[in-house]
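Chain naming follows the written order as A, B, C, D and E, and within any one chain the residues start at number 1.
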Amino acid sequence: MRRAVIAFTAFLGGLIFLLAVPAHADPADCQGLRGTLKLQGQPVNGAKISVTTEGGQPVQEVTSNAQGTWDVQVKDPGKYKVTLDPSSLPANSEVRGGSNVRTPTVYEGNCSTVLFALQPKAAPGAAPEDTGQSTFWEQAAQLTFEGVNLGLIIALGALGLSLIYGTTGLTNFAHGELITLGAVIAYAFNVGFGLQLIPAAIIAIIVSGALGYGQDRLFWGQLRKRGTGTIAMMIISIGVAILLRNLIQFFFGAQTDSYTDYNTQAGIEIGPISAAPKNLWAIGIELAVLIVVGIALMKTRTGKAARAVADNPALAASSGINVDRIIRIIWASGSAIAALAGIMLGLSQSLKFTMGQDILLLIFAGVTLGGLGTAFGALVGSLVVGIFIQVSTLWVPPELKSVGALAVLIIVLLFRPQGILGRRERIG
Amino acid sequence: GGGGDTATQTSQSAAPASSAPAAQGDGTLTLGTLLPQTGSLAFLGPPEFAGVDLALKEINEAGGVLGKPVTKYDTDSGDTTTNIASQSVDKLLAQKADAIIGAASSSVSESVIDKITGAGVVHFSPANTSDKFTTISDKGLYFRTSPPDKLQGRVLGDLVVADGNDTVGIMAMQDSYGTGLADQVQKTVTDGGAEVVERVDYDPKAADFSADVAKLKAKNPKGIVLIGFEETAKVVQELVKQGLPADKHKWYMVDGNTSNTNYIKMPKGTLEGVKGTIPGAAAPEEFQKKLLSVNKDLEDFSYAPESYDAANLIALAAEAAKSDAGVDIAAKLMEVSKGGEKCTSFKACVDLLKAGKDIDYEGVSGPVEFNEAGDPAVATIGIYQYGDDNKYATKALEYRTGNIAG
Amino acid sequence: MPDDTMTASRKASALAAFKDMPREPGVPKPDPILVVDKVVRRFGGLTAVDVEHVEIQRGSITALIGPNGAGKTTFFNQLTGFDTADSGAWTFNGRSMNGVPAHKVVRNGMVRTFQLTKALSRLTVLENMRLGAQKQKGESFWRAMIPSFWRGQEDEITQRAEELLVRFKLDAKSEDFAGSLSGGQRKLLEMARALMVEPELVMLDEPMAGVNPALTQSLLGHVKDLREQGMTVLFVEHDMDMVRDISDWVIVMAQGAVIAEGPPSTIMSDERVIDAYLGAHHDAPLSDTELESQLQEAEAALEAEIEEETQK
Amino acid sequence: MNAEEPAESKAAVTDRSAHLAGAEDAVLRCDELIAGYLPGVNILNGSDLYVKQAELIGIIGPNGAGKSTLLKAMFGLVNIRSGKVLLKGEDITNMKAHSLVSRGVGYVPQTNNVFPSLTIEENLEMGAYQVPGKFKERFEFVAELFPALAERRKQRAGSLSGGERQMVAMARALMTEPSVLLLDEPSAGLSPKLQDLVFIQAQQINKAGVTVIMVEQNARRCLQICHRGYVLDQGRNAYTGTGQQLANDPKVIELYLGTLAKA
Amino acid sequence: MDWLTIITTTVHAAIGWESVVYGLAAIGVNIHFGYTGLLNFGQAAFMAVAGYGLAVAVTVMNLPFWMGIVIGLAAAAILALLLGIPTLQLRADYLAIVTIAAAEIVRLVFRSVYFKDIFGGSDGRRGFTGDFYAMNPFPPGHYGVGPFGFDERVIWFLTVGWTVVLLSCLVVYLLMKSPWGRVLKAIREDEDAVRALGKNVFSYKMQSLMLGGIIGCLAGFFYGLYNGAVQPDIFGTEMTFFAYTIVILGGAARVFGPVVGAMVFWVLFVFVGNTLAELVRNGFIPFMTTTQVGPIRYALVGLGFILLLVIRPQGIFGDKREIAINAR
């Protein structure tokens, strides 16, 4: 009965789309094995193929026709053994991989294709054919590049997080959403209003900065004023993350999407590395921002004031620093940098409402590895994390690539509990 | 599920009845949906909800079930990182649902199947592909219309071999859908005489996929099979970037990522010639138009046919059983899905039923013939090809129908 | 006031022990409780501590003085296991203490306080005190769950804590969170808590900085009591009145090294000590008349200047 | 003495009329301040204080009396629940600290008075935050006072010894040239030599026209140099008078000063 | 509007399995964070190893149920050791990140295709609860009053669950008012000070990590037992975050804080979600579609947490004074 059903449905399909099936015979008529033999694109005529059952009972022997195809119909579904007679092949050709036996399965009412890939026989001692495979070092180079690429995006996120953590002591679990928000705002201008991505990104960064400013002015600042503890604030930030993430989903949707510009750029080869031009631009911009902000924190008056606020807000106020203003500047720049991170992430990957959440752990790892609260630490830590994730796939399965990076985090902290660039406090 | 005891309902109907909500068989068919509104599979929600909504619209327009309009409650299944599905099931059971359509994720379904079937309610997933459900203990109440991995994997694998790819790379999303399909493709491809030179199971939540693609690149396969959902767009970006574009390598996709919306922003021709397999015998076009009338914002249509068929089948089974109790529906589901006069819409089918005929519902997602385990036994897989506009032609290259079990 | 005869005897014996001792750095003591050899600690290019040899006499009150940054606190840190010395060795009660972790040092009977106080903020003052007691039965996981095991001991500890708090004028605060104490009160708590340990050697790092003078005075009596109970006290202090009042022996550190040792009276007239540490005004205790004259001098100078300014 | 002699010659238990009379033309005055940290617990229970132009005021009292709280309240770091603080006639009650700095008020806290992760130099730079132009000149000035700091200008304050921190704190306040300076135990933890320096410095600053309010536990020294003193106990003024009056008042000696320094 | 459903589901959530599982997880977190100040953000890992320990023992190794429990407990204890030895010397905020990382490692390993034969990949393991429900003394039936009530399976689960929750609370209560608990609280404030008073800080932290981990591990068992399955992704960071939220909602370092916090958490969650769904279903919010209910529900729940904590930063049972002391 089942067979009838299959036949019928196939027949329906066949009826409607009679013309759509150019290459193969009507599948309903086919129950067996078939294949096409080609050598360097040319069909191979007259190759001998014998089909036996799994148990070795001969079924049929065929020869490939002028198109190189052969076809064996069988009565019962099941496993079969297909043997190609190498002596029937053109001289100087052989089956790739060596074996000339295949053991395909035939399913009820279907034909299975059997492939014998043919190649010219290599002259003994000649160099093996170039299969386009890359060496270990080529892979390592590519992966290191990808690591830098990813690491710098993480570093941008980490810098923003670290700035806010540094000045307010807030472990902001909503930072991932600030990243997503930046990316999505740029999307709105890029896709929604049809602006080119670069101006859209600039607007998004400015808008995000303003939102960050507002966020502190209207929310976090008020909480600080009420003397809310940092732990309570941390939990509140989890609430904020949930709120923002779902609002973004509400407006943006749950699908993956991308910007209209620079989408799916073809890579260019630079030595062993293939990179899309946008990656190179992104790396340049990211490095520039990271270094400028890092130096600004070390050298400018506002930067020093930010570190002073981080250390001791009451004393900072006593020194004449407008603590709230500094914190707002930090929130604004932290959010703006987060937005940049989001845009870069969206550019190199895609946009999704969970993009920030998905990268947040790596950001935390980067910040921690570098040493909490130091700008250059965030850079170094994030690079280490990024590179480790990518390069570790040389040895570990890619599904576990984050494991390698996180394990490194733990191991490094074992030996340097204060992070790579962090400093130990004195006791007593 | 339920092994072989689906047919003998007497033993089951006694056990769950004691603990099930009292209101079984209250005369109104109540459907609950347990589909993703949030979480990582949230993008699958809208088409699935739309499928159910469309079916319900048609059912109620045709006079409802047992003379009454069908009621429906929508709930969120979330994803596996939250416990929301369990909450939702509680709510649906409290609202006396007779059948629950969901969840999208096999893992989520697994976490609530005991609760649902324990209450004597039909658990009907439009999207579960894990083979676990074939053998799971479900009191005969679990069903699914979802694309059968096995057949699709076979068809896809055969396609890859038939196209002459002797070296194949597989990138599969690391979950039961992705790895299940990938296993099947890998087996078929290997049996067919090609070599799977690299198989990458990637974490769909990873921040980026460059390393995963770099692994493929290292082996430079002729054919590349991409198994996943919409995150495939990111993989495609990486493939192009790392020099494995579709015009140099043959790409293959599956129902989860063969999409007409996901890649349209990419430069013209990026996906030209890429082939994808989608279960279902009908052209998606007509049906998609109908779906858009239910939800005009729909961008993706994954699992909408399966959801639509699920709702129709439940309604027909209830009509056939003359009862809206979960166990009664379950008892009739196999019957209405096969063996009898063929019909393709609720209205047509219900008319036949009323005329006292045995029916065989033929769905949008395929012929939908349930086997003893509540799985579809037969399916049709369409093979589609992308044009240079990065959309696939709505006309399939070919349809293949086969037994799922093989 | 404590028993006078007792005081006299212990103090006398301490003083007798020190009487004929040479006044030179690293001089051996007849009955040392702590012996330190060649302890060095560097931070980058800075040698914070470089102590050749020092001994602390059992049952005495020894003051450790020296300019700011001389390395006194760092020295304490090395001895008590809070920091690792680059090199050196020291024994406490004859037992080597190199590399012994901080908590074991305490269990051996050597306890220290912190100059920058460490109040356990969200514990009450009384709980802070109770924590100091050693060998508490209720501090083991399994016994903790059955109150009858530790109830009795807890009551004893509480009583002892309350007595100390009264002495330290913290009794009114005993149920308040330690985090709400004022700067001076924290100092007091820090010291009182250390005394709860009942150590053999207590090392106090500037215990009286910021403590009200009247209270300081009464606490000095308590410290002297401790000596009578057989405790050894080593303390860092910048208040010379206090040093003069209670210490039997003074050790002077400068730039990480011990530069002088001796009884308080001698030390305070030592040229080098005056130079490095005490400054002009402290060469001798200020008498009342001297105070007057100084004050007048200052005032006169002041008035003159102010007049000048007002005339401008 | 520049400051007016109070009516009585003995240190007096405070009486509002004296305060009101004296506070007429004060630079900074506090009236019946009530303030505290925790809800429902007042630490200051109506303390009064005034200080005139170029006056040096000492505040002493037992631990926990509320001396630091009084300074913090004046400086906007503790919320004032009732009462008023006036600076040159302007109401500055609960005004933010940084605005006070721009009005010429300086403050050295008792604890946590350095930025641990900043270097000494940066700490001092923060001292001159509102007048960055003057940094160089002032830095040279404090470097002369505390040569130890100048030597270590690149060392992070967090690794400094207790006394060194105290020097940084003092130096930080000296960076701005304030017109009113609030000092909370500036001599604590300093070596005798440096204590002298601090007291002399306080006097000198004061002589240069700066109004100084100084909280000290080195009470005798403090009373020696100050024009007037307040004895604070339990958030109230227990005694006021000239420094000398207070230093010689037997009650004050017994309760607050002790006799150790004289022994 | 189906108010009855909204109310019954809300009440069920408050006393249901969610409160048991999350309550236990939060009790563990409370021991770590509330009492000891250890920012252990890896609580989910304890639940995971416990759940998987039980599941793998029963389904893969074919051991009896009780052996599974023993293995789960042992796994949690070993995890505590492995996690504790390298991390307990870290500063609180470093510890937080390292424990998150460790928990993610555990989750990714459980999830991986590489170890699929043992842990079952992303689908996890199921089919290990038979023995537990076989012990059920309740005859089949409906237990409860009116619309409120559970079937025999759930009532058995809840009986055991709440007993364990209350026992855990009792243990916490006894320990925390003992000198042992005092040491933990002191460590939370300043470990150097505690060290200077002769306590072995590392040992106490480890004991705390173990105890909290083992209580978290009970939560893992109960999760598996109720759902009949363990899956890797449920034990993600979100789980830990929620446990923390619960602790803070209830009030840190309060014996019943986590339990009440869990109830409040789920009441909020279910009430907001179901009310919103009903409103949309009945057309009271015309501009929203079914698929948008989910995100808005979460957004509202997030907002709810924010408001609760803004209004009562010390949590339900917390002491305002402690918060004031702690403020920066």
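In the analysis below, a residue touches a chain if its C-beta (ideal position, glycine included) is under 8 Å from a C-beta of that chain, and two chains touch if they have at least 3 such contacts.
A quick map from chain label to UniProt name: A, E = Branched-chain amino acid ABC transporter permease; C, D = ABC transporter ATP-binding protein.
Being a predicted model, the structure only gives us computed values, none of them experimental.
Annotation of subunit A and subunit C: jointly contacted by D, E, touch as defined at the top. Note on connectivity: the fewest chain-to-chain touch steps from subunit A to subunit D number 1. Judged by contacting C-beta pairs, the busier of the interfaces C-E and C-D is C-D.
Core chain by CA centroid proximity to the global CA centroid: E. Centres computed as Cα averages put subunit A at a distance of 31 Å from subunit E.
Inter-chain centre distance (subunit B to subunit D, centres taken as mean C-alpha positions): 76 Å. In subunit E, the residues touching two or more other chains are 108, 111-113, 192, 292, 294-295, 297-298, 321, 324, 326. Within subunit D, the positions touching two or more other chains are listed as 37-38, 159.
Taken residue by residue, subunit C touches two or more other chains at 73-74, 82, 114-116, 180, whereas all remaining positions touch fewer.
Interface of subunit B with subunit E (complex): residues 15, 18-19, 33, 36-38, 42, 45-46, 49, 53, 73-76, 78-84, 86-87, 90-91, 94-95, 106-107, 110-114, 118-119, 130, 132, 136-137, 174-176, 179, 201, 203, 295. By the touch rule above, subunit A contacts subunit C in their complex via residues 427-428.
Here subunit C touches subunit A in the complex through residues 73-74, 76-77, 82-83, 114-116, 205, going by the rule given at the top.
The touching residues of subunit B, when paired with subunit A in their complex, are 36, 38, 40, 42-43, 45-46, 154, 158, 161-162, 164-167, 174, 188, 191-195, 200-203, 205-212, 214-215, 217-220, 230-231, 233-234, 236-237, 240-243, 245, 261-262, 265-267, 270, 281, 283, 299-300, 338-339, 342, 362, 366-367, 369, 377-378, 380, 382, 395-403, 406. Across the complex, subunit B is touched by residues 1-2, 5-6, 8-10, 12-14, 16-17, 20-21, 24, 27-28, 35-36, 38, 77, 96-97, 102-105, 107-117, 131-134, 138-139, 142-143, 146, 149-150, 154, 246, 249, 253-260, 263-267, 269, 274-276, 279, 345, 348-350, 352, 354, 358-359, 362, 389-390, 393, 397-399, 401-402 of subunit A.
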